[in-house]
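In the two complexes that follow, chain A is the common piece, with chain B as its partner first and chain C second.
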Partner chain A sequence: MRYKLDITKDHCPMTYVKTKLELEKLSSGDILEVILKKGEPLENVPRTAEEQGNKIIEIKHLQDDIHIVVIEKG
Partner chain B sequence: MNFTEEQIYRYSRNIILKEVGGKGQEKLLNSKVLVVGAGELGSPLLLYLAAAGVGTLGIIDSDVVDLSNLQRQVIHFTDDLTRYKVESAAEKISRINADVNVIPYKVRLDSSNIEGIIKDYDFIIDGTDNFPTKFLINDACVMHGKSFSHARILRFDGQTFTHVPGSMCYRCIFKEPPPKDAVPTCSEAGILGAVAGVIGSIQAVETLKYLIGTGDLLTNRLLTFNALKGSFREVKLNKNKNCPLCGVNPTITELTDYEQPACDLK
Partner chain C sequence: MANKKKISIVLFSGDFDRAIAAFTIASGAAAVNYEVNLFFTFWGLNTIKKEKGRKALGKGLLARAFNFLMGGFKNLPLSRLNFGGISPKLMTGLMKNRNVATLKELLEASIQLKTNFFACEMSMNILGLKKEDFIPEIKEVLGVAKFLKLSEDGEILFI
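Up next is the complex of A and B:
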């Protein structure tokens, strides 16, 4: 299954906390697309998600400072 | 569980930990912990458990706040003097975190009431300052299969261990309370307040680990701390087959109210 989460309005630590809470609801192998801003969220969310056992499939630039991080739940 | 936006933010530093997460936080919010004593050990650990979002905290204490308590019992303030400790503690907890439901017990724990109280709780914390209650808590918890945290502090020393069903209990190490003349009286005893903070905080950590279900508990290990030396020591202690309570041939099958020392330490 593929899910989406928009954290463009959030700031650290809520950016990763919300990503993590969303990932917890998913099953292993599910995909979560996280829409976030460059800077702190783009630097930290994929790194922490990976550290906590998930896989980063892709990071895409959407528009302006908005990016999409595609995470596969571990 | 659906957290509110405020809860996600409040508990963000818990949730972000791999070992805790939203699931661990949910466990904490649904947990019931009984704290015996709102004094030197109860003060720091109640503050941390409340801040962490342990949903229900039962607090037992029959005393009122005395001026000489304030040197170490950090949940009570100068304007709380003569208030019941359970009321003073409950007020501070409500100001830290309204998610926490406090159940106050203005009673002295004894063999007639302990079983009825502990049965409703997931984990029990011994924050008392006297041997009779320590043995009572140990015995009742072992008999009823309850997990608990033990601690004792005096002067610059502290000790703590955690019991879960089947692990070493207090009676495995100490068969019975020491004779009365071996226990320091009021004038002999002192305690550096921050030592209570160290040991009480370890009890809080153990409680949170137990409730979340992560890490290695201080079971079958007695952790001792000496503030003057600045050192911790870990004594490995297995369940004692000759323990009068949980050994092969137990001789203690009912609860005992040992006599209180002549003068209660304030």
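Up next is the complex of A and C:
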């Protein structure tokens, strides 16, 4: 299954709190697309998702400072 | 994930803004895969009382008066410019407007991310409080020795 999470309006620490809680709900192999801003979220969300045993499929630039991180749940 | 990083936070203060700092670090650290311990002591115990408002908890007149005056989660004062308790409400409104997590949301996130809550035995004794006076997430009531054991090989913060 493919899921989407928009954290562009959130700030520390809810950006990674929401990502972690969303990933916990998914099953192994599920895909989560996280829409986020550059800076702290873009630096930390992919890194910590990977540290927790998930796989970063790709990071795309959408527009302006908005990026999308595609994570496969490990 | 053999060596999970660890942070242990002592929340001594019962101030609204300091509680925000404690629960921000707690939930943020848990979200980036830290093991998180939160120790509530003295004024910090007010943040985790089951009763969110003012209630004369505890044993003995003085303890009951103290607990009533301190209140619970809803009565936490701002450390500066409290203005009789209006400021924390204004601050919460500001936080909502700016899409920043409120104290309540940070506490809930800390619970959802399974941070460990502990209460200090000695200060509970002074204030005549029992484990049942606190939210059920309090894992254990303990003292300094157990706290040091639990926080071993990690960071310690005192707020």
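One rule holds for everything that comes next: the second predicted complex is superposed on the first by the 74 of 74 C-alpha atoms of A that agree within 3 Å, B and C clash if a C-alpha of one lies under 4 Å from a C-alpha of the other, contacts with A are read in each partner's own complex, and residues count from 1 in each chain.
Rule of thumb we're sticking to: a contact is a pair of C-beta atoms (placed from the backbone, for glycine too) under 8 Å apart; a residue touches a chain by one contact, two chains touch by 3 or more.
All values derive from a computational prediction rather than experimental measurement.
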Discussion item. Which partner chains sit in contact with A:Gly39 here, chain B, chain C, both or neither? Use first/second/both/neither.
Written reply: neither
Report for A:Gln52: first if it touches chain B alone, second if chain C alone, otherwise both or neither. both
Max touched-residue count on chain A (chain B vs chain C) belongs to chain C
| Is A:Lys20 in contact with chain B, with chain C, with both, or with neither (first, second, both, neither)? | both
Margin query: Contacts for A:Gly29 in the overlay, against chain B (first) and chain C (second): which applies, first, second, both or neither?
Written below: neither
First, second, both or neither for A:Gly74, with chain B first and chain C second: neither
Dual-contact residues of chain A, meaning touching chain B and chain C, are 13-14, 16-17, 20-21, 48, 51-53
Interface with chain B, chain A side, in the complex: residues 13-14, 16-18, 20-21, 24, 48, 51-53
So, in the complex, the side of chain B touching chain A is made of residues 3, 8-9, 12-13, 15-16, 18, 21-23
Touching chain C in the complex, chain A uses residues 9-14, 16-17, 19-21, 44, 48, 51-53
So, in the complex, the side of chain C touching chain A is made of residues 1, 24-25, 27-28, 30-33, 98-101, 105-106, 109, 112-113
